[in-house]
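Going by the order they are written in, the chains are A, B, C and D; count residues from 1 in each one.
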Amino acid sequence: MAETIKNIGVLTSGGDSPGMNAAIRAVVRTALYYNLEITGIMRGYEGMITGDMFKMDRKSVANIIQRGGTILKTARSDDFRTKEGRERAYEQLKKFNVDALVVIGGDGTFTGASVFLDEFDVPILGLPGTIDNDLAGTDYTIGYDTAINTVVNAVDKIRDTAESHDRLFFVEVMGRDSGLIALRSGIGVGAEAILIPESKTDAGHLFKRLEEGRKDKASKIVIVAEGDDSGDVFEIAERVKEKFPNYDTRVSILGHIQRGGSPTCGDRVLASRLGVAAVESLMAGQKGEMVGLVNGQIAFTPFKHAIKHISEVNQGLLKIVEILSL
Amino acid sequence: MAETIKNIGVLTSGGDSPGMNAAIRAVVRTALYYNLEITGIMRGYEGMITGDMFKMDRKSVANIIQRGGTILKTARSDDFRTKEGRERAYEQLKKFNVDALVVIGGDGTFTGASVFLDEFDVPILGLPGTIDNDLAGTDYTIGYDTAINTVVNAVDKIRDTAESHDRLFFVEVMGRDSGLIALRSGIGVGAEAILIPESKTDAGHLFKRLEEGRKDKASKIVIVAEGDDSGDVFEIAERVKEKFPNYDTRVSILGHIQRGGSPTCGDRVLASRLGVAAVESLMAGQKGEMVGLVNGQIAFTPFKHAIKHISEVNQGLLKIVEILSL
Amino acid sequence: MAETIKNIGVLTSGGDSPGMNAAIRAVVRTALYYNLEITGIMRGYEGMITGDMFKMDRKSVANIIQRGGTILKTARSDDFRTKEGRERAYEQLKKFNVDALVVIGGDGTFTGASVFLDEFDVPILGLPGTIDNDLAGTDYTIGYDTAINTVVNAVDKIRDTAESHDRLFFVEVMGRDSGLIALRSGIGVGAEAILIPESKTDAGHLFKRLEEGRKDKASKIVIVAEGDDSGDVFEIAERVKEKFPNYDTRVSILGHIQRGGSPTCGDRVLASRLGVAAVESLMAGQKGEMVGLVNGQIAFTPFKHAIKHISEVNQGLLKIVEILSL
Amino acid sequence: MAETIKNIGVLTSGGDSPGMNAAIRAVVRTALYYNLEITGIMRGYEGMITGDMFKMDRKSVANIIQRGGTILKTARSDDFRTKEGRERAYEQLKKFNVDALVVIGGDGTFTGASVFLDEFDVPILGLPGTIDNDLAGTDYTIGYDTAINTVVNAVDKIRDTAESHDRLFFVEVMGRDSGLIALRSGIGVGAEAILIPESKTDAGHLFKRLEEGRKDKASKIVIVAEGDDSGDVFEIAERVKEKFPNYDTRVSILGHIQRGGSPTCGDRVLASRLGVAAVESLMAGQKGEMVGLVNGQIAFTPFKHAIKHISEVNQGLLKIVEILSL
């Protein structure tokens, strides 16, 4: 690969998240600001293999900062898991004169980037684009702030009807391996209880609250993370129903609305900062790392560390749920 | 009952809908404007039976016009279906000197009101408060406009992720016996197809669109009304998946978010107009009717006619879906 | 011009309004559905004169139904007011084989269309695209529903701070010659009073309310239409301040946010219906008319009548403000 | 004052900010959780002087976490600036058995608290409740995240109309002495330039951008902080108009909508964490400090330091505006 970077390729991969477009915009504009060329790659690694790439300019990213989704689209690529697939991808990069990459996504994205970098020594930096906030090396991932606000707005609506009927709602939110969406949005909606995979004790807390609440008829909201091992949200609601038959229970699964929507200001600013930093850092010779924000400062974490899921949650936040759900 | 009305009771009953609070506010303020007393009855007919009522004033309804749900709460009442329950309700009304009623709800609410009026000759008028828009005698029910906007905003988010992944989404919306939420929100989101109970032919239209779309990979949204007899949304998605295995399909059930949220301007104005008209009409001696808005004018429909579900949908709107999903 | 229409031009002109994109989409898709060609004209009549036109296809209007503004842009055209300008426009239409037009805009748009049609006999139909709702021949214009909801959402925020401080807010909304935005949004926010050009008596009502309110310290919202002849919103606030010095008054001018934003479901459905009807009616030989919706039915109004501003407002709605601001 | 705290008073003072209710809720619930009494004080120090206080319970703060404004209301108090006023306030606290305070507000609030604490040795802790984010000792103040999102959503609407007309908009945002709202929201909306009091060079950057933009007609957004010393937003627009007469310029002042609205998830979580920490820290004997969040951890700052306005802005963020507005 070239000593000096002249042409940066940018792609989004894995599940989409709000703010990916703001990140793409930042990467494109920064590259142009420093007189580099910039190449958009469609559908993640898939477009790298098939050569679905195009030269981007200032206007390619006009008026996208406020849009959910990703204009470069995203996909999973089985071919990129094969040596042959990655070789084809490398040939395409050479053909399009792309000599460095910014990949925006989550752990699968960085795993692929890590392998590719080891094999072909193309400088790559990653940006954390996922609603789950489950990457080490950044306080927040791009999309997380939007997702928790989407949950909060949806549950605010559900509370209207919960209150009118004095119902107990179980609301399932995304986060297959991580309760971070559940935790913060649960505090945000003033949930009665939060059930997350990282904590075993929260079901007990829930039962205690419901026990107390029997005399005091009122609506309650329980936030359940997808991946909680108490079982899925319907099983939990069923168990509660058996134990507390006088509660009028309902289940709501928020689903894919959590992935979309116009990004919050927080996600737009985060994506902009990280996108600028990624290009400047590639120019300065960095590679093989995720660019994140830790305590308000740009921070770099090797791909291999970034993808280690955080298994602990802030115990202080869990305690807050207990105190405030009084 | 008194010849001249002096004290109006107001209640909400059945499923809650956004705008019920605006309607309550209008009833309360109008009664006070005309120097009547106004009594709030909690939890629909249940509170009438148990005497859960209180005198309302101007401040009781301050700052509620923008709130979803209903400050008077709502419930189903099995007791009110019995003669004995209704007798107790009548006694309570006498005790609280309530000599007329405004009941806000849907068909169950009006059925109860109709029986009660026949038995005890208490003047009652009804306001159409339901998100389903399935009552005869009003162009729109209070809550419908908010519900379709909630659907449209949610599906706008789903489209972001659908597009990023080129997915086919099946989105289930409320409307157990009626496709009216599906129909308008489907046009509003630019749906590929709409499956509603009132139309048998729409699945064929969907298959035709999907057939054509095979060459032209792109995201698509199909709106499915809860009550469609093609089966539930998962069955429909399954059948499509079998027939068109190359589509990446997903299902999303919007659920209870459709019942909540701050009412739209349209619902607030509708609720305000109908609430004013209800009180003025009770004073003028009307009873046994739902107060609606037809072609921009206040219209009255006997309870027995209002509750007949509309079984036909606007064929012109169905045609529009077909044309615009091109 | 050709006997049978083969190629329809579409443009947006005058002030933009939310839903214009949904209308463009409907016109384009309907034309294609009926195997016509469709030509997009940029910046209203200006692009017609300069030949800034392009052939549109299905994809030109993909994913725009939810966007505010207009992808065809809009502008005022001084040249189109001259005979020479219109002649050049006509030459360009011939050059691009455009043999009919759908123009989306307000009174200026229709005035231009009317003159052009008289001179060159190009079939033209108009769609009412303006937030002001001030055209005869349609119950609602495209954009009005979105604008009043934008006002309501903004004033809901202002009320939060008004209440916290017990302040009296004067909020100016758009509507240079018409109080229709003020009237409906004023009911929607539960305004204390509404000042609109169509009514001389409302300032008196305001003073009466303020007089009564002196003992009862609380926040109040007064909605003022831009064009009210009591003076501009600062003058009104000043006069109130002099008369009632103990009120803590503030002024807020909502301004251009009222023109933008994602259109409501109502505006999207309205735009879709009118767009379909416009193309079908051009094919059926109609011209020189605005296509509107009256009492739920498509209605046609000659341009010359449509542009006559409605000078009367619904007195019933004004009365409702008085009753409910109690 | 009592050795052990038994009854905490809570008040909001100064300009209101979204999330104050979430903070009140957290203070109340935490006090009750630890079996303390909790007293609500109306209208800031004014209610302390007049004895406008009441005992709060769990239900006093039910269903308020999502509401803008403050249920305790807020006001400026001239009396509290006098020794006599503060003495009366102290008498009232004794009368109501309040032996510690949590005051929520900005620099004026903390200045008052500091003087009061010096004079009467009542333990007081402060929570940063202001949209301006201008206090030392916390990364974010309660309300700031909501305010920047309100700005971003409003400017997203303005951009719709700016783009449709190719206009140059000057949008004034709040921040009398601080450009922090302007800075982050400006990045969030993808502004062409940001004019803030902390930077003298940004007008030059704006002129450079406009110079370049002349050939390339398109919409542009410039965010202007209230307190920028280039003059008010109208003067700036006027100067640009003179220098670049071919731009079609408009001014919009966002005004008081920035103070209201339902708080974001971020503000609700921040308010909840700080509210819990304030009560726990009072119990642990702390006083005379503002409780903030620095790098994700609870941090304490003496009132005298907290109120020193931050005069420097993040130069990295300013540079990002320059790069991305390319």
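The criterion applied here is as follows: contacts are C-beta pairs under 8 Å (C-beta built on N, C-alpha and C of every residue); 3 or more make two chains touch, one makes a residue touch a chain.
Worth saying up front: this structure is predicted, and the values here are computed from it rather than measured.
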> If we look at chain C and chain D, which chains touch each of them?
Replying inline: none
>> Farthest chain from chain A, going by mean C-alpha coordinates, please.
In response: C
>> Taking the mean of the C-alpha atoms as each chain's centre, how many Å separate chain A from chain B?
In response: 36
> Counting in whole Å, what is the centre-to-centre distance of chain B and chain C, each centre being its mean C-alpha position?
Replying inline: 28
>> Centroid from C-alpha atoms only, then distance chain A to chain C, rounded to Å. What do you get?
In response: 39
> If you look at chain A, which of its residues touch at least two other chains?
Replying inline: 156, 159, 163
> What topology does the chain contact graph adopt: line, ring, star, complete, or other?
Replying inline: ring
>> Show me, using the given definition of touch, all chain pairs that touch one another.
In response: A-B, A-D, B-C, C-D
> chain A touches which residues of chain D in the complex?
Replying inline: 25-26, 29-30, 32-33, 58, 62-63, 65-66, 139, 145, 148-149, 151-153, 156, 159, 163, 184-185, 187-190, 218, 262, 264-266, 268-269, 272-273, 276, 295-296, 316-317, 320, 323-324, 326
> Which part of chain A faces chain B closely enough to touch in the complex?
Replying inline: 12, 15-16, 18, 20, 67-70, 73-75, 150, 154, 156-166, 169, 250, 252-257, 259-261
